[in-house]
Amino acid sequence: MKELKICVIGAGSTYSPELIDGFFNRQDKMKVKEFALMDIRMDRLKIVGGLIERMCQHYDNPPKVIMTDDLKTAVEGADYVVTQFRVGLLPARAKDERIGLRHGYIGQETTGPGGFAKALRTIPVILEIAEMMKKYAPGAKLINFTNPSGIITEAVARYTDVPVVGLCNCPITAFMRTKKHMGWENDDVFFDYFGLNHLAFIKGLYLNGKDVTDEAFEKILDHPNCDEMLGYAFNKRQALAMRVLPVSYLQYYFHQKELYEKISSQEKTRGESLIEVDKQLLKDYSDPNLTTKPAGLSLRGGAWYSEAAVSLINSMETNDGAIHFVCVPNHGCIQGLDDMAVVEVPAVVKGDCLRTLNVGKMPAAIDGLVKHVKAYESLTVKAGAERSADDALLALISHPFIRSVNDAEAILDDIIREHAEYIHLH
Amino acid sequence: MKELKICVIGAGSTYSPELIDGFFNRQDKMKVKEFALMDIRMDRLKIVGGLIERMCQHYDNPPKVIMTDDLKTAVEGADYVVTQFRVGLLPARAKDERIGLRHGYIGQETTGPGGFAKALRTIPVILEIAEMMKKYAPGAKLINFTNPSGIITEAVARYTDVPVVGLCNCPITAFMRTKKHMGWENDDVFFDYFGLNHLAFIKGLYLNGKDVTDEAFEKILDHPNCDEMLGYAFNKRQALAMRVLPVSYLQYYFHQKELYEKISSQEKTRGESLIEVDKQLLKDYSDPNLTTKPAGLSLRGGAWYSEAAVSLINSMETNDGAIHFVCVPNHGCIQGLDDMAVVEVPAVVKGDCLRTLNVGKMPAAIDGLVKHVKAYESLTVKAGAERSADDALLALISHPFIRSVNDAEAILDDIIREHAEYIHLH
Amino acid sequence: MKELKICVIGAGSTYSPELIDGFFNRQDKMKVKEFALMDIRMDRLKIVGGLIERMCQHYDNPPKVIMTDDLKTAVEGADYVVTQFRVGLLPARAKDERIGLRHGYIGQETTGPGGFAKALRTIPVILEIAEMMKKYAPGAKLINFTNPSGIITEAVARYTDVPVVGLCNCPITAFMRTKKHMGWENDDVFFDYFGLNHLAFIKGLYLNGKDVTDEAFEKILDHPNCDEMLGYAFNKRQALAMRVLPVSYLQYYFHQKELYEKISSQEKTRGESLIEVDKQLLKDYSDPNLTTKPAGLSLRGGAWYSEAAVSLINSMETNDGAIHFVCVPNHGCIQGLDDMAVVEVPAVVKGDCLRTLNVGKMPAAIDGLVKHVKAYESLTVKAGAERSADDALLALISHPFIRSVNDAEAILDDIIREHAEYIHLH
Amino acid sequence: MKELKICVIGAGSTYSPELIDGFFNRQDKMKVKEFALMDIRMDRLKIVGGLIERMCQHYDNPPKVIMTDDLKTAVEGADYVVTQFRVGLLPARAKDERIGLRHGYIGQETTGPGGFAKALRTIPVILEIAEMMKKYAPGAKLINFTNPSGIITEAVARYTDVPVVGLCNCPITAFMRTKKHMGWENDDVFFDYFGLNHLAFIKGLYLNGKDVTDEAFEKILDHPNCDEMLGYAFNKRQALAMRVLPVSYLQYYFHQKELYEKISSQEKTRGESLIEVDKQLLKDYSDPNLTTKPAGLSLRGGAWYSEAAVSLINSMETNDGAIHFVCVPNHGCIQGLDDMAVVEVPAVVKGDCLRTLNVGKMPAAIDGLVKHVKAYESLTVKAGAERSADDALLALISHPFIRSVNDAEAILDDIIREHAEYIHLH
């Protein structure tokens, strides 16, 4: 069994203990020799990393834990680099959300103007990380969690040749919740899922191998917990007519108006609310008596985040041939999208071999929306990687939310001004 | 020279005299033996047809003019069937516009909910006309002007095998106005134009064969009459960055917010305003002393409408090889759209041979929008032709304007109720 | 556990005992209640079916065995219909081979003129079987082994809506032999295989998850048993430059000249030789003391044929998620081929859910050949299903072997004349 | 009217006087200020250039004629560079033809092994010319006649950004001869023609605008001069079933066997025969009393060569909007071929604006062959431009003629050895 060096970028995140816990639970399958925790905020890293060090003492053969704010030190010799950093942390996120709202648009971390701003901040950093990996950890795989995960992954895939897989806890969360509410906890359920990151659909449901798509769709849409399973109580008539179930972030497209009204009427944005939660968690983590993952963390959904990453690495290391839901370049998997467009689809992973399951043509009812959003995403990748203000404007105009070029210009101006520290376009 | 029977469906339109005038001006090239004027509103037809009869007396060898409300009589033996009917006339248009506005969307004849309603009213009728042509005028060509022209043409192309070309006066109007304001009236200007009907772009400009795209784009966008040339004073930075000029109806997409504010603040919708104009024109036409096209008509832009149709028929009859801007099935002309998706592109017309000029890939900055709108259009064609309420809902949800599935349901309900006479979905 | 009715069409084949043996070995996973053995040659069926009846006595709970020459009786209520019939039996095959040779072309059962003739004989029959399944066994799955498997499967997929999967023992045979000669018998090897049936390539090799493509290709090509592994000692320089390994039937394309010389110099064709073998086997089967699969059968490679079919049915019944190499419609799996073109690719099978692994673009070095052969195949499907002599001629001309339209006409004439009993074109 | 510098590369060709004559006949439309005649064989150039100088004296205002073996001198400041050079002249062609025949393949200048060898010799030279144009004649257009014209044009299009149009006299020759034999000399005939260079088809025929495709195809195929019109007496049943007429070089594909027999039985190859003709022509040209194009030249078909080039340049200079049959990158014009694959299709030329007429899907009966040959061509372009021996081998194997990889290796070895002066692969 190979001994792995796992590098975590943005390790100061309060999610990090989940990740370490995931590896801990798979000690029999994978041996970690070193966790290299990197964060430019050493104050946070010391707290989170401290907890991780204490957690690692429970291993029979504890991995080395290093904490650093130096990218090269962190990356050098790594087998996997897991990225979960957030440029500008929660205050930047709160700004993103406020800029959208100020101009009459949904203020959201990954969708619409907020996700666009986050992408512009993040792309130069991820490309720098990839560059460093190429030099100091050739062959290492980049597992990206940093949002907007599809866009960030596409930037790496288009502008570097570092092997990259984007992940998101949306698919696994939807599946786990659906299994729970449908009473399928002990069943083998295959969710035939496809789309873009944060713009995905379930097109088939197989319960212990039996195709139950039609009856299950109807039951899910009628279920009192439909909103928890799919992330929103989507319109039944629409979903049955499309014969695909929209998941989670589709609410921002199909119910933009209602969501805007809801979000704009709240006192605090999601980012602003989380600042408090984050502070409390860091305080909890500082307790030297805490030596395991805090119970509350898994309640926040973080468990699935860790599960997605660690089980993927497990398939890469142990060749178990499991199916994962990953963000990777399309290469014909979904017809009508570019080869390099990153899509979110199921893939069989057998060690070095990651092969997506072919999707074919999209249903007509969603084909236009998906292509429109992907055009926005690919333009954003270009704008971010080439630091082009004109492409940034075109990207934003290409977002289906935007109702005026004038709004796009004003939003872009705000983004550039408020994030002047991170975004440098010409 | 073949003697032609020209059938005009919706001949009670006040535009009809333009069309007849166009043929009159080309007597040396085409010989019309009969104008078959058809309208279900015989009251209107008698007035407009009466003027046409008087106009025809100026011919050396006057064509026969027949007026009928019977489709078979009109179509039988025709060489060309020109469709310019409007199901429900201006009052139906006014309803379309009001329905959109009532739910917070642009109320417009062809774009958004208004065009959608018009398509649902029109598709069954155009398919009936095509059916009749197949039986009673095999080989005749259908020249469609009825709006939304791209959608109506696509319905004929997908659901029948009648030869059909859709036309619109948008391209020719933009070209003529641009030539005038740019001082190119005596020049040979090729506008390299492509897109969908009412969603088109100029991607190149050739002045007497010289590629002047870059300088001309800049001059047009800076010109005080830019709005008249392109139909709107589009954003210069956007247009130069895209390196295509948006034309006319793109204003509803790129400036949806401003246009909604403008339209919703007007006392009358465009349709409501035109009811008065229409009445006055009919009154003018009734004057037995009027024997030529009224001068005022050409001021309304109708001249280009006639020019588009008559010059196209001229190329079909005389093999002059002129380039026309037509709505026809794509068949690979614009990459990334379906073979049967109707697009608006330049085509060389040499008699029976109509060949589009290949467009290739669309610029990334508009690719998503065009595909999104085309998805809406093709779903609308399906909903209209198959009279499916579910497909109608999906079509409307697929329109990039729509911000909520709930809005789409409410709008569709209104459309079905208010146009119960014309729209029957199941 | 569902109790299955397995229908075998062409059950008089001497391969049938292999199939029954395969089910026998999986009694713990699948319960067969009935084997319906159908053949129009009752004389053969009684011999082979007799052996099968005796074999079935070894079951704890013996399945019912019925023998019939009536298609409806055989198919009615079946869960799976396995087709392995050969229209005209070995004498027809021998004719196919002779017709090719007579005109200077490779005489081969599935490739070139021979496979073309076989397809024309077989397509009407398979379509009749599918028709019968639709009526009397709705939902049943057709597992096709009848050659040319890709073409026959495409006929069913294009002209019916019966669920169909084509199988061939080529991939599994190549994999098993390669594992043996490479000493990988205890390893998990993933052969990343794709192409058309009898025109396929290995594009990657993963040994226990590790990508060993480059080193393994070199070793295989240098290996003294390369010919047994790949079916032919392919040219090393070519294979390494293409970076895909050709498999088996590619010899007829890449070494057409040498193979023609070899085949045309043999006294008997393969079909003629097998007539003797077949007679002997039937004689062996007639022995009432024989109650198990004869040992010699598995030596002929038949084991893998059974393994392919039974393990596929196992994945369909037990949801084990195994990867199978199947012939199914493309739907974008291999870029540049039609949606309905049947390709041979890996697929994950989880009960009702069969999902191909996406292949993407083909390497340039084989792209032209594969598209050329697929054009021939799809034209053959059309010719066979629509019984069109003109399409048959065009299909044959489209085969890359054919060096003269005159040859194609002469070959087609011979085929129609010599197989007048089976082939009726107009 | 702009004064043009026309540069001719390979001006020592005996065809050159035709070209000059073409310009002479269009003096009223285009003003040539200089013919820059370039050839590395100054001995030939002096003879041919001498005649051209004498021809130019007939101009009212004679253009300057310069003769040089220096590429920079020739190209500098040119408006058009016409390439008609032949690397190694006729002796190299004769070798190409002999190599093919020696290994049992058609020995032909542009098709099969002969064309492949010629491409390998030519690509490095054309890329050098393009390089020189970029430096010393920015904006100049390259009009390529050097064979194999499609491959050479594709090399320029893929590896440089010099504007290039490939030409061939095949289409115009087929059209002119068909018009003559069909009695259409005074008619406007549109030949709807498409394909690859030397692999093209007529898919429609419009006589004075009327679609006469079906009747005309039948008449042409039945005509005693069918062979002269199409270049070969193609099989009528095949052509009608395909509903496209093969032209000229298709004979080598559809009647490979017969043509091989014919060519291999001739004492001299075409190249060997032409050596004599060429000598005689040079002798004729040397006559100082000869001051006009020799009458015999146009009989050899050269007239159409000149007509193709000069009328194309005329459309580029005068914006006449004529339709030309050109070799240009595909960009979706023919569905299913790469964007950069050079195809031979009709294009409207209006000055700087060259727009191909969209072709759409190819008929199934030729789709495979065209894609196979294009795969060969694009691999040849890569092999030639990147000087790769492995790609050269793969290219040759990809040619549908080749029946054995061993043959391909032997042929490539011969080509490299016999053309060692010109071909340097690694």
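Some observations on this one:
Per-chain residue numbering starts at 1, and chain names A, B, C and D are given in the order in which the chains are listed.
Here, contacts are C-beta pairs under 8 Å (C-beta built on N, C-alpha and C of every residue); 3 or more make two chains touch, one makes a residue touch a chain.
Chain identities (UniProt): A, B, C, D = 6-phospho-beta-glucosidase.
Please read all numbers here as calculations on a predicted model, not as lab measurements.
Across the assembly, the mean Cα position most removed from that of subunit C (6-phospho-beta-glucosidase) is the one of B.
Centroid to centroid, with C-alpha atoms defining each point, subunit B (6-phospho-beta-glucosidase) and subunit D (6-phospho-beta-glucosidase) lie 43 Å apart. In terms of their C-alpha centroids, the spacing between subunit A (6-phospho-beta-glucosidase) and subunit D (6-phospho-beta-glucosidase) amounts to 55 Å. The set of subunit B (6-phospho-beta-glucosidase) residues that touch two or more partner chains is empty. Across the assembly, chains come into contact as A-B, A-C, B-D, C-D. Against subunit D (6-phospho-beta-glucosidase), in their complex, subunit C (6-phospho-beta-glucosidase) makes its touches with residues 104, 234-235, 237-238, 241-242, 254-258, 260, 336, 364-365, 367-369, 371-376, 378-379, 382, 390-391, 393-394, 397-398, 400, 403-407, 409.
Interface residues of subunit C (6-phospho-beta-glucosidase), counted against subunit A (6-phospho-beta-glucosidase) in their complex, comprise 188, 190, 192, 204, 206, 208-211, 316-319, 321, 323, 331-335, 339, 346, 348, 350-353, 355-361.
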